[in-house]
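Labels run A, B, C and D following the written order; every chain starts at residue 1.
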Amino acid sequence: MSAPKKVVLAYSGGLDTSIILKWLQTEYGCEVVTFTADLGQGEELEPARKKAELLGIPSENIYIEDVREEFVKDFVFPMFRANAVYEGLYLLGTSIARPLISKRLVEIARETGADAIAHGATGKGNDQVRFELSAAALDPDIKCIAPWREWDLTSRTKLLEFAEANQIPIAKDKRGEAPFSVDANLLHTSSEGKVLEDPAVMAPDYVFQRTVAPEDAPETPEYIEITFEKGDAVAINGEAMSPATILTKLNELGGKHGCGRLDFVENRFVGMKSRGIYETPGGTVLLEAHRGIEQITLDSGAGHLKDSLMPRYAELIYNGFWFSPEREMLQAAIDKSQELVSGTVRLKLYKGSATCVGRWSDSSLYSEAHVTFEDDAGAYDQKDAAGFIQLNALRLRLLAARKRRLG
Amino acid sequence: MSAPKKVVLAYSGGLDTSIILKWLQTEYGCEVVTFTADLGQGEELEPARKKAELLGIPSENIYIEDVREEFVKDFVFPMFRANAVYEGLYLLGTSIARPLISKRLVEIARETGADAIAHGATGKGNDQVRFELSAAALDPDIKCIAPWREWDLTSRTKLLEFAEANQIPIAKDKRGEAPFSVDANLLHTSSEGKVLEDPAVMAPDYVFQRTVAPEDAPETPEYIEITFEKGDAVAINGEAMSPATILTKLNELGGKHGCGRLDFVENRFVGMKSRGIYETPGGTVLLEAHRGIEQITLDSGAGHLKDSLMPRYAELIYNGFWFSPEREMLQAAIDKSQELVSGTVRLKLYKGSATCVGRWSDSSLYSEAHVTFEDDAGAYDQKDAAGFIQLNALRLRLLAARKRRLG
Amino acid sequence: MSAPKKVVLAYSGGLDTSIILKWLQTEYGCEVVTFTADLGQGEELEPARKKAELLGIPSENIYIEDVREEFVKDFVFPMFRANAVYEGLYLLGTSIARPLISKRLVEIARETGADAIAHGATGKGNDQVRFELSAAALDPDIKCIAPWREWDLTSRTKLLEFAEANQIPIAKDKRGEAPFSVDANLLHTSSEGKVLEDPAVMAPDYVFQRTVAPEDAPETPEYIEITFEKGDAVAINGEAMSPATILTKLNELGGKHGCGRLDFVENRFVGMKSRGIYETPGGTVLLEAHRGIEQITLDSGAGHLKDSLMPRYAELIYNGFWFSPEREMLQAAIDKSQELVSGTVRLKLYKGSATCVGRWSDSSLYSEAHVTFEDDAGAYDQKDAAGFIQLNALRLRLLAARKRRLG
Amino acid sequence: MSAPKKVVLAYSGGLDTSIILKWLQTEYGCEVVTFTADLGQGEELEPARKKAELLGIPSENIYIEDVREEFVKDFVFPMFRANAVYEGLYLLGTSIARPLISKRLVEIARETGADAIAHGATGKGNDQVRFELSAAALDPDIKCIAPWREWDLTSRTKLLEFAEANQIPIAKDKRGEAPFSVDANLLHTSSEGKVLEDPAVMAPDYVFQRTVAPEDAPETPEYIEITFEKGDAVAINGEAMSPATILTKLNELGGKHGCGRLDFVENRFVGMKSRGIYETPGGTVLLEAHRGIEQITLDSGAGHLKDSLMPRYAELIYNGFWFSPEREMLQAAIDKSQELVSGTVRLKLYKGSATCVGRWSDSSLYSEAHVTFEDDAGAYDQKDAAGFIQLNALRLRLLAARKRRLG
């Protein structure tokens, strides 16, 4: 790979990406463009602009954007249509944010004539893969620079020395090492490393940032209603809201009731296991609600096919293949299934749980006439079941007869 | 089908199966053998014996058995090795009990020279299918009699008239109609029908029998440890127990903390949707624990394959195909994966939630040396990730290049 | 089911459906509308009109249509996009025609105010299922009449007696019994029954109608080129043709070279095995060609997903679920994958084989620069493979280390 | 990676691996052990011994083994139980041989105290992955050396210079470059590169080594019978043979009739497409035969599950994951299905085609009594089909009714 001339850096404004910024300038002598996105991580963006300016980035090279609506509408919601869950439990909060960041990095590279992008993910994790696969899928020639895989700033001490040597301001609380590492966006917070590394040891309470402990949640359950159209949430308690507003509101509601905490050991795409603590309050509520509305609006053929495709779909997102033909194929199938997934779900939030306790819809497939214990007027003839069973049993009988025959 | 001469009836001792017993005698003039099983439903069995005797069944034709250990060991545990969940949420509590009952019915038929079995499931539900498919798979020539599909006792009134006309004792509380219908065994309780038929309306609290409401559960979390060997739970808090004892104990623990309630609309195999209220306290705890131990003992290849097979496996059990070649094939694959799924999980039970908060094992695949944020001494070379990504990205780049080429 | 008043019958003009026509009139006293379709079965349709008139059907109740283009364009081609093959070998020639016939039956019922449709399929086969599931999916209230499941004309003798008693003309060659039964359309011929019932015995040569024996095929191979656009064949040897014309032409070419014969024992949806002899000359050539063009235009992610979905897709079509949400979901995924499956394939036809010997495309993903044994100028860095393997091997190493550790 | 001290080299005796041998000695100063296996590639092994001796390898470090029986029994046959085909057409002939070679390399390393293995696969292909993943799965600490990824002998000229400088004898025909590259074993030959690189151009006839052109095959078909036990071929024309003898014999028969040629563009695991010409005469016959015997001995549940698992199974083998938990899980499922796949198949070999024309078995599930067109005496009640269809149609009717309701 030839040296990059101009690099778009995913820049948070924090110490690490500031060091990367400087390192790119000094190591490659290249021009740096910064991209700072509001994905709902809960941090001010303007300090990032000041930091970038301080590090000598001209203002036309500083991109700061609120991408929350795009994030929820084009990434989070399509994923929730699939009820995507990785390895049975993880709601993919980090995974789903990376492709959007890469997409903007590549687009800004195109706008600014940059030939490379850079990110602050390490060589051990999944995020490097997600960033770089997304970039490759969007621009076949873009270079990807992952300083953590290249440089020799391999200890906290060396990083701080580099920062000092390069006049990078170090916040007081960054002098010592953080007891764990955090990623956050509108969908979730993720914490890992250090005090969380032993999967036998319970996560300390100070890890949690977005949810109260169930023990501290209100003593009284709260009931809410979520309305869906074509598989996407469009209203809470009857009030229509934009995608990002809905997720923000569900985060508040779920967080208040201690919903969506997860202590998890997962298989990284790069081959190792890691332990993470996740908080996905709004997403947890949303998943339960979406399953609830699908229960009455999706028929079994569509539902079972979705269930069987989901693990692969989730794995693709986890592994960084959002922008791949196979994810798009699966999305086409999933979206096809959601055309009539509309209606309203009633949920109970209480002490860490979000449970569906009612659902109704104009496009419901539930038929009381068919299922009722009462005398039914011809909707269903129980005698049909005999033939149904008889033919389903036929091959089993032939197998049993063979077994008997062979002794 | 020629008329049966001798029928083994799945007999609960209740009004409905007593009516069936009499109806079989009168309709077919056949000899009846009763089979009453303790599956952990929480009812005394001896009254069933008395009832059968009262209805004229000679004692050698009355089979009463405690099958709880077989139920958990040979049916529930193999199913939990798969983390089987139907349609995202249902733990298959009824489905998994039916094959065992059929197996014993067929075995008793063989022992007693009976040519038919009979059950009390209606023509609208899944249980008829499960009973009869299991029977067909075990004996190709056995007849299956489902009186609810055949007779004209199609209303409560007619049933009671038949009972009175045939001197079948009717308990006082059976004169009126139950507000909903219940099935129970050691794994779960299932309630459906009548007051539960409208899926928009929240289930009334009196439906629940085995779990306290989360609101009434203890204010303090309880921590427990479950130990696994080869995928099966073998001890609670360090105390080794038999399979049925473990599930009984987990029911107590889970029930006390309000775990495992489910309000669910599902797709029946016979083609309609139905709404059920389930309580699976022990199973809910067990599933969470099993997932927890798999997190550190199963590698991603095995785990992801299991995840992708699970929906089909669960569907097979739900639909009644326990005794089918394809279920056995999947079981062989699943069991193969569990050979080293051994170790201990720590769970927190609180107000309706069971969450894994720690796990450890001699056969753990988790490697702190690989995942650590700390300087690592060669276990993992971050530079390898560059090549890994490069080759994973290659096809995406070729796709992107084509797109650009075609314009 | 209440008696039908007006029935649209799938009418071939042959003896059996003529008997059905009469039987419907006499059994139900209902009005009959006939629908005779040219699906490419190779029979004249006008005799069917005369027959219907002879049996008293007024001309406004006689529908005769050439649906070959719709058949190939909307049914055969979408299916071939999936490379659909049932149980490894069968190209689904009968299965794919049934939904179209049902669709027209239901549409004609709507136009003529009929409340039922009828077909001549027996109670043992798959076609009854395909006809009736399709009809149910298109009209929830339509009645389906399957005389073979209802009447008592259960022997050849009884059928002929009924025909004579009702003045139905009997062609001379229909007096005796045919040595096997045939279904045909533009995609294939299917023969089964009687002389073909023993799967150990080779099918006699007179069974084949559309292909010469490979032994009698030309001594010289013939090379042809098929051009695809978006997954569908659009030209042969450079000459653009309509869908049905293409399939007709491929049938000629394939038939002349003895391609597409299949001796097969399959699993029917109704639970039994049956043996069929199929001829699918054009389809066999088309499948090989489609695979050939996909080889260079489909990337591995899309291709492997398609391969894994195909068995389920084929099973759905075989079982009669063409008009189901899950088939439509899979179709959406498959069609998504075909957007750039365009280009040309060269095939060799010879003595029963159709083999792809070359393929090229503007949207090819094949990159000689990457694959070449020659010195490559930077398209691919072989050193990347080391990291790729290293990370793919990581979990296998961890497993091996555990195995060693546990002894 | 620290430098290896003793390396077991997969040594063919050819020029390339002789150069590797020397390069390992000079580059790493390490001791070399050679392993030369007879996998049925059709070459004498003793010249390899002489070559190794000439290059200074002491005789105790020269391993020469005939592994053909192990190859067929433990690798080829298990794979054929699955009907494994990669990307619709490729029988995995190269893929399945690599794990066995790695297994022996690792075992010999253990026996000789070597700390590394080495192979002659390039950095662009799949074989490097297969060798190294297999080795990692069998020994977590073994080093893998792939000289083609490391050295600077990147042109034919440099290789020859190195050979000359190191007194490695060069056969006359190796001075010029081969027009394509070949791999062979008892299952297949594989040719690629150079004259085969353009996938539009038909492969020249001189590429084929093991099959006659269909045009040159006998004018008369040959009929053979293959007998299976538990899914494995055990006899040809009634004569029992060992696994390797059977495959050898089938190669002769298939090769004589021009069976098993394949012109194919495939997706390599490393991300690019490549074009290969394969000859798998015996394997092609065996696959057709195995499908034939499964047609009558496997029920649809088992068969359809196998079909749906197959693409993943084939992909695992292609990608080098033979020694992985997930391949072993799938194998357990597949093997479970084969317990009664026993019986005999009759095949017709003619001019490039191998087609099943008859099959019979004591464990056949085919029931003429059920399928017959003749009057049947109660084996099957056609009226059952009505109920079967009715319940299968129920959900489709509910969907259609919803559609009508919503307009």
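We take it that a contact is a pair of C-beta atoms (placed from the backbone, for glycine too) under 8 Å apart; a residue touches a chain by one contact, two chains touch by 3 or more.
Treat the numbers as computed from the prediction; the structure is a model and nothing was measured.
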item: Intersection of contact partners for chain A and chain B; value: C, D
item: Cα superposition of chain A on its sequence copy chain D - rotation in ° rounded to nearest 5; value: 180
item: Repeat of the A-B interface, chosen from A-D, C-D or B-D (over half of contact pairs identical by residue number); value: C-D
item: Length of the line joining the C-alpha centres of chain B and chain C, rounded to whole Å; value: 40
item: Residues of chain A whose C-beta touches two or more other chains; value: 267, 270-272, 299-301, 304, 312, 321, 324-325, 365, 367, 370, 380, 383-386, 388, 391-395, 398-399
item: Chain C residues touching chain A - in the complex, by the definition given at the top; value: 267, 270-272, 298-299, 301-302, 304-306, 312, 321, 324-326, 328-330, 332-337, 391-395, 398
item: Contact footprint of chain C on chain B as seen in their complex; value: 299-301, 340, 362-365, 367, 370, 380-381, 383-388, 390-392, 394-395, 398-399, 402, 406
item: Residue ranges of chain B touching chain A (in the complex, touch as defined); value: 83, 87-89, 122-124, 128-129, 132-133, 136-140, 144, 146, 148-149, 154-155, 181, 193-194, 197-203, 214-215, 219, 221, 261-267, 270-275, 291, 295-296, 299-300, 303-304, 307-308, 310-312, 315, 320-321, 323-325, 346, 350-353, 355-360, 365-368, 370-373, 375, 380, 382-386, 388-389, 392-393, 396-401, 404
